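Structures for review follow.
The following pair of complexes shares a single chain, subunit A, combined with subunit B in the former and subunit C in the latter.
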Partner chain A sequence: MTNHWSDIKNANLVLVMGGNAAEAHPCGFKWVTEAKAHNQAKLLVVDPRFTRTASLADVYAPIRTGTDIAFLGGLIRYLLETDQIQHEYVRNYTDMPFIVKENFSFADGLFNGYDADSRSYPDKSDWDYELDENGHAKIDMTLKHPRCVYQLLKKHYSRYTPEMVSGICGTPLKRMMQIWDHIAETAVPGKTMTILYALGWTQHSVGSQMIRAGAMLQLLLGNIGMPGGGVNALRGHSNIQGLTDLGLLSNLLPGYLTLPRDNEQDYDAYIAKRAPQALRPGQMSYWQHYGRFHVSLMKAWYGDAVTEENNWGYDWLPKLDEPMYDVLKYFDMMYEGKVNGYFCQGFNPIAAFPNKAKVGAGLARLKYLVIMDPLVTETSEFWKHVDEYNDVDTASIQTTVFRLPTTCFAEEDGSLVNSSRWLQWHWKGGEPPGEARTDVAIMGGLFHRLRALYKSEGGAFPDPIMNLDWSYLRPDEPAPEEIAKEYNGKALVDLKDPKTGELLLRAGQQLAGFSQLRDDGSTSSGCWLFCGSWTEAGNQMARRDNSDPYDMGQTLGWAWSWPANRRILYNRASADPSGKPWNDKDKRLVWWDGSKWTGTDVPDFAVTSAPEDKMNPFIMNPEGVARFFARGNMAEGPFPEHYEPFETPISRNPLHPDSPGVTSNPAARVFRNDMQVFGTADEFPYAATTYRLTEHFHFWTKHSRINAIMQPQQFVELGAVMAGELGIKAGDRVRVSSNRGYIEAVAVVTKRLRPLMVDGKIVHHVGIPLHWGFVGVAKNGYLTNTLTPFVGDGNTHTPEYKSFLVNVERV
Partner chain B sequence: MATQDIIARSATTTASPSVRQLDEVAKLIDTTLCIGCKACQVACSEWNDLRDEVGSNVGVYDNPSDLTAESWTVMRFAEHETTDEDLEWLIRKDGCMHCEDPGCLKACPSPGAIIKYANGIVDFNQDHCIGCGYCITGCPFDVPRISKKDNKAYKCTLCSDRVAVGLEPACVKVCPTGAIVFGTKQDMKDHADWRIADLNRRGFDNAGLYDPQGVGGTHVMYVLHHADKAGLYSGLPQNPTISPMVGVWKGVAKPLAMMAVAATVLTGFFHYVRVGPNRVEDDEETHAPLASVEHYDPAERRDPRAEGERHE
Partner chain C sequence: MDINRREFFKFCGVGIAASSLAALGMAPEPAFAESARHFKLANTKESRNTCPYCSVGCGLIMYSRGSGGKNVSQEIFHIEGDADHPVNRGTLCPKGAGLIDFIRSPNRLQYPQVREAGSNEWKRLSWDDALTRITRLMKDDRDANFIEKNDAGQTVNRWLTTGFLAASAASSEAGYMTHKVVRSLGILGFDNQARV
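Showing the complex of A and B:
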């Protein structure tokens, strides 16, 4: 979240789109009811289904799954055409005045530079600003230049007329305009809308661009950095934010630092590429300190073994030969028989990943599989024949499965990072049962055995393992407190203020914040973003002071929020260019008090930079402003464009009806094997989407009797009209099939799914909750991901669970 | 067990204990804030240590699909089409309404099996319950359920045990959206007024409080978007009253029944005097369960804590 849970109460308008907060985040959703109760906020819900969230909405609009970019693009056009934008904000705080290179172009659904063979844009150099002789981007504050971002944006979305959008999305025109008009009202300075989204935006072959479109909408309305505004990702696990923060993705390092590619063998070039100089005069470009974060990370990992002479151990870092070894990629490799062993730590891929048949076949080709989990999972039992639900030939599977029971969160001390970016310390509530051990103990044990093997037997490249600094009190099981302190980091020598010479910290003391990090090896920090969470003042994550002096819900004494205990990102933008809040009454966040920045939140800014200095609020971008134009950072282009889901019920892209190459995202990642198993609308006529239910949490709560009582048996939701056509009644058993397999479940027939008129034809949706499987105390069911396609977003490679095609028959 | 708070007991003619001054309480369920998350159902199961069977899906979201002796509250989901384009999903937490004039208590023939506290809570005392099911007939809301395990009647207690020590009912404590609130009845009415004003502003002209006077008002009240159409909420009665059959039983039939009972006793007395006592051949037969009570073996009962341990 750019903002945080309790800040939702500051909103004047709440848009839930690409998510179902009441269903999946019932506790957080209370802040929506707070906004409604105390702020008279309205709630808008846009979703293929009339959801539990929709049941409390002031206005609900149906939308065909996978078409949100069209909806948002149309809205962007509408706001620009009717001039309902936050002018001063857009002009000063965004890239609207920036002039783009001459060769940038967009035609027939493709931006310039596309290579059909590799399904990508290998050369994105034209997707950038025109620079002047000083290396600064050229701008035109009048916004009249034909190649300024404002004009390009206007041109790009000119095709997204209300009629076109309604035809793509199936949203009735009148209802769509009603939603758009409500949203347009928040273009007024000081009035805010918050966007709450979740995997309903993420899990599409154009998921990243959907989220970008939402962010662009918020920028147009001046709602980023504002209380009650922002683009708010509601995370699906209690600590999934922590997972990304700590870089548990194959191409990341902690704190959103990135691993080098194999063509980046030169250390200085690696850093220089990631530490951009300001693109406009007087801008901060905070990533220019990348080297400090990186060197401090390497010092945390390797201690004295890394020095300036060995480039801080740069050669020990893996260099990627692929953009990403994400799960789709890895299971494809497994399926191809290229993987011997696999560790599943708190992860249930056969249930959680698309195309169960392919994942199961991959697991069966492993030599060994290690499961680290507190519970029995479908993955740990993938080899077991369970009726029709897991119809495998056990005897033919030779994979050795090791099951290592782990503690669960309640059986250990530690911290969780929630959607609000709060690191909250928690304390052990009970002893683990049986032989369960903490994940740290298991990984620690594994590390020691590996190191002993390297020591005794040598190996191709022992250095990264042998040199790891492991000076914990109990090397077999480092304590959570030690690890947390390591993430924060410490001074390795006496640290002096470079300007005054004043002693800041003695060697060994905990750092106060990431501004103290150095790139000369004198500091260590396991994750620069977490620097400040455990200082000499103690464990900041354990703080529980919920006082809220400004009644803004910021509670700066509750736990600790990255970065720097800041609760709302980009909060400098909550004040106008002169430093005064846009709304001095109930949207005060930070302001210039004549000598410094201060306020109800920790300013996301150089606190002594006066408004006259013209430093802009988006300090992480070298241009200092927010981007409508993504430059070269997105796989499929600088502006979000609507592409159909890979399995589309209308078989063409209404924006480009004659260009089959751009029906679906031309830069999405599809593996060779999987192109053939996409289904088509003639065989699988219904648009399907998967989701979770409030009664369950993923595949875990099937083990809990009470959850099983509340929602005991697998079902699918069918619209009443569609069910009527098929002669299906509520309670009937139905078979839902895709081109990859089938499931059978009870039919819930509902008026909450309506037929939509899309591109001149009727489209029905089928809703498929995901929780069931073949372990636990709930009734056995089929894994929903038997049905879903193996295709990933072009940027994150997140699978398209939310839009695919099925057929439905009564059994 | 304090009895000084009891103001009415079933089938009892003796005076109630002198009652302490207690404020009347009420639980207010705002259907317009309810997201149907069932946290209240879970909290009810946990606080009261109830574990219903893992059932089946019968084609709706409601699960368990009805109240049972082990599910004292359930969410009922109703789809209401307001226009061709518009729909409302009306979700109502169903359970005992704790009537001011409780039909169950009136109908109950077993002394002290149903009691009413001065704070308005209507509670069942299973010690005294004979499992006749008259409370179900007497209830205008069809709430009590007879357990198949022990043939006793069960329903929501409004967490009388929690309320007695100054806590809110378990369902209130866990409700994430503030759709369930608890306090004095007057405070709850005031809260409802504030909610209704908000609903009126949002275009619900007929929003209102459900506190039906046919049963003297209730200690569980609803805020409804459509107070004029209570039936939309899965058949909530618009004007509930106690079945006239209860009046018949308590009015005309009761003296007649009492006479019949007296006649039976007299007949027995004369039989004993003239013929001598009835003898039962086999002693064990006296321990045989009543035919009307389903066989219940405590050993068969699944202990939920043992379940938990297995999966910890």
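Showing the complex of A and C:
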């Protein structure tokens, strides 16, 4: 979230799109009802289903799954055409005046530079600004230049007329305009809308671009950096934010640092590429300090073994020959027999990943599989024959499976990062069952034994294993406190202020924040973003002062929020260029007091940079401003464009009806085996989407008796009109099939799903909750991901769970 | 006396029950008073925790029995929302409210186990045997398939034939240690739930 849960109460308008917070995040959703009750806020919900969130909405609009870019693109066009934008914000704080290179173009659904064979844009060099002789981007503050971002944006979305959008989305025109008009009202300076989204935006082949479109909308309205504004990913698991921050992803290192590619053999060039100089005069470009973050990380991991002479252990980091080895890529390799070993730590891939048949076949080709989990998972028993729910031949599966019991949250100390970016410490309350151990103890146990083997036997490239710093009090089980102090970081020598020579910290003391990090090896920090969470003043994550002196919900004394205990990102943008809040009454966040920046939140800015210095609020971008034009950072192009889901019920892209190559995302990666098992609308006519229920959390809660009682049996939701056409009554058993398999469940017939008129034809939706499987105390059911397609977003490769095609029959 | 808010309620709860009975003119027989159920959270240890389900991060209070002594294991028997928490303010959803059934689930794993190739059953084994066998498999695979240089002669130091999925319901401390170990081995097939 750019903002945070309690801040929702400051909103004047709440848009929930691509999420169902009332069902999936009930205790966070109370801040929406708080905004409605005490801030006269209105709630808008756009969703294929009339959800629990929709039932509380002031206006609800149905939309066909997978078409949100069309909806948002149409809204962007409407705001530009009717000139309902936050002018001063847009002109000063965004890239609208920036001039784009001459060769950038868009035609027939493609940006310039497309290569159909590789399904990608290998050369994106024209997707960038025109630079002047000083290396600064050229701008036109009048926004008249034909190639300035404002004009290009206007041109790009000129095709997204209300009629076109309504035809793609199936949203009735009148209802759509009603929603758009409500949203346009927040273009007034000081009036804010917040956007709450979740996996309903993420899990599409164009998911990243949907979220970008939402961010662009918020920039147009001047809602980023504002209290009650922002683009807020509600997120899923309790520490999904923390593990992302800590970089546990194929291509990342902690703190959103990135692993090198094969061709980045030169250390200095690797750092320089990630540490951009400012693209406009006087801008901060905070990533220019990348080297400090990286060297401090390597010191935390490798201690004295890394020095300037060995480039801080640069060769010990693995280098990528592919953009990433994400789970779809990796399970495709497994399916092809190229993987021998796999670890699942608190993760149940056969239930969680698309196309269960392919995932199961991949697991069966492993030599060894190691499960670390507090609970029995389907993945740990993928080899077991369980009726029709897991129809496998056990004896033929030659994978050795180890299953290691772990503690759960209640049985250990530590911290979790919620979607508000709050690091909250928790305390152990009881003992684990049997011989269960913590994940830390298991990782420690494995690492120890490996290091001992490399010491006694030698082996392939032992250097990073032998040199990993492991100076913990109990090497077999490092304490959570020690680890937390390590990711915060410490001074390795007496640290002096480079300007005054004043002693800041003695060697061994905890760093106070990331501004103290150095790139000369004198500081360590395992995750620069978390620097400040455990200082000489103690564990900041354990703070429990819930006072809220400004009644803005910021609670700066509760836990600790990255970065630097800041609660709202980009909050400099909540004040106008002269440093005054856009709204001095109830949206006061930060302001210039004549000598420094101060406010009700920690300023996200250089605190002594006066407004006259003209430093802009988006300090992480070298431009200093927010981007409508993504430059070369997105796989599909600098502006979001609507493409159909890979399995589309209308078989064409109404924006480009005669170009089959751009029906679906032309830059999404599709594996050889998977293209063949996409279904088509003639055989699988219904648009399907998957989701969670409030009584359940993915596949865990079927091990919890009370939850199994509350939702005892697998069901699917069908619209009343569709069910009537098929002769299906509520309570009938139905078979739902895709081109990859089928599930059977009880039919819930409901008016919450209604037929939509799309591109001249009727489209019905089928709603499929997740939750059931073949282990647990709940009644067995089919894994929903038997049905879903093995294709992901063009940038993140997050699978398209939310839009695919099925057929439905009565059993 | 130094008591916190919750302890204050505990004290008061007993007092109010007694005084309101008296006010109704029902001075109870001693035997009746003794048969009244004690307040179930009296004499318990409270631990602050965070709900492990979704990422709202609701505050929890876990109540456990046990003397609190070093050699006594605490048993959690009740979990409720933390009223001091600025986001959930004491509330929990149907998932959080059922957490006691999660930590006490009959499907909690107790011991290390192995399912041998082709077998149809689990066998219990010791931690030491489990970790020793796993590290042997890891090392053999790494030594056989580690790539120090690619075809162009560039230093790449990666291990692609073993992969790792990390848990985004685990603590940040577990996540950090997992990352530290996994990258030192050269693993690139590495993701957490944020990928899906």
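Keep in mind that, in the parts below, the second predicted complex is superposed on the first by the 811 of 811 C-alpha atoms of A that agree within 3 Å, B and C clash if a C-alpha of one lies under 4 Å from a C-alpha of the other, contacts with A are read in each partner's own complex, and residues count from 1 in each chain.
Going forward, a contact is a pair of C-beta atoms (placed from the backbone, for glycine too) under 8 Å apart; a residue touches a chain by one contact, two chains touch by 3 or more.
If you're wondering where the values come from, they're calculated on a predicted model, not measured in any experiment.
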Per-residue contact with subunit A, leading partner among subunit C and subunit B: C
Touched partner set for A:R506, first subunit B, second subunit C, both or neither: neither
Which of subunit B and subunit C A:M710 touches, first, second, both or neither: both
Partner chain in contact with A:T750 - subunit B first, subunit C second, else both or neither: first
Partner chain(s) touched by A:F697 [first = subunit B, second = subunit C, both, neither]: second
Which of subunit B and subunit C A:K729 touches, first, second, both or neither: first
A:K455 touches, of subunit B and subunit C: first, second, both or neither? neither
First, second, both or neither for A:R235, with subunit B first and subunit C second: second
Partner chain(s) touched by A:R810 [first = subunit B, second = subunit C, both, neither]: neither
Which superposed partner A:R474 touches (first subunit B, second subunit C, both, neither): neither
On subunit A, positions contacted by subunit B and by subunit C: 26-27, 30, 375, 433, 694-695, 703-707, 710, 777
Residues of subunit A defined as touching subunit B within the complex: 22-23, 26-27, 29-30, 33, 36-37, 40, 42, 50, 52-56, 58, 60, 172, 175, 375, 433, 694-695, 703-715, 729-732, 746-752, 777-779
Interface residues, subunit C side, partner subunit A - complex: 45, 47-59, 62-64, 73-76, 79, 81, 84-89, 91-99, 101-103, 105-120, 122, 127, 130-139, 141-143, 145-146, 148, 150, 152, 154-181, 183-196
Complex contact set, residues of subunit B against subunit A: 32-39, 41-42, 45-46, 51-61, 63-64, 71, 79, 81, 85, 87-91, 176-179, 198, 201-202, 304, 307-309, 311-312
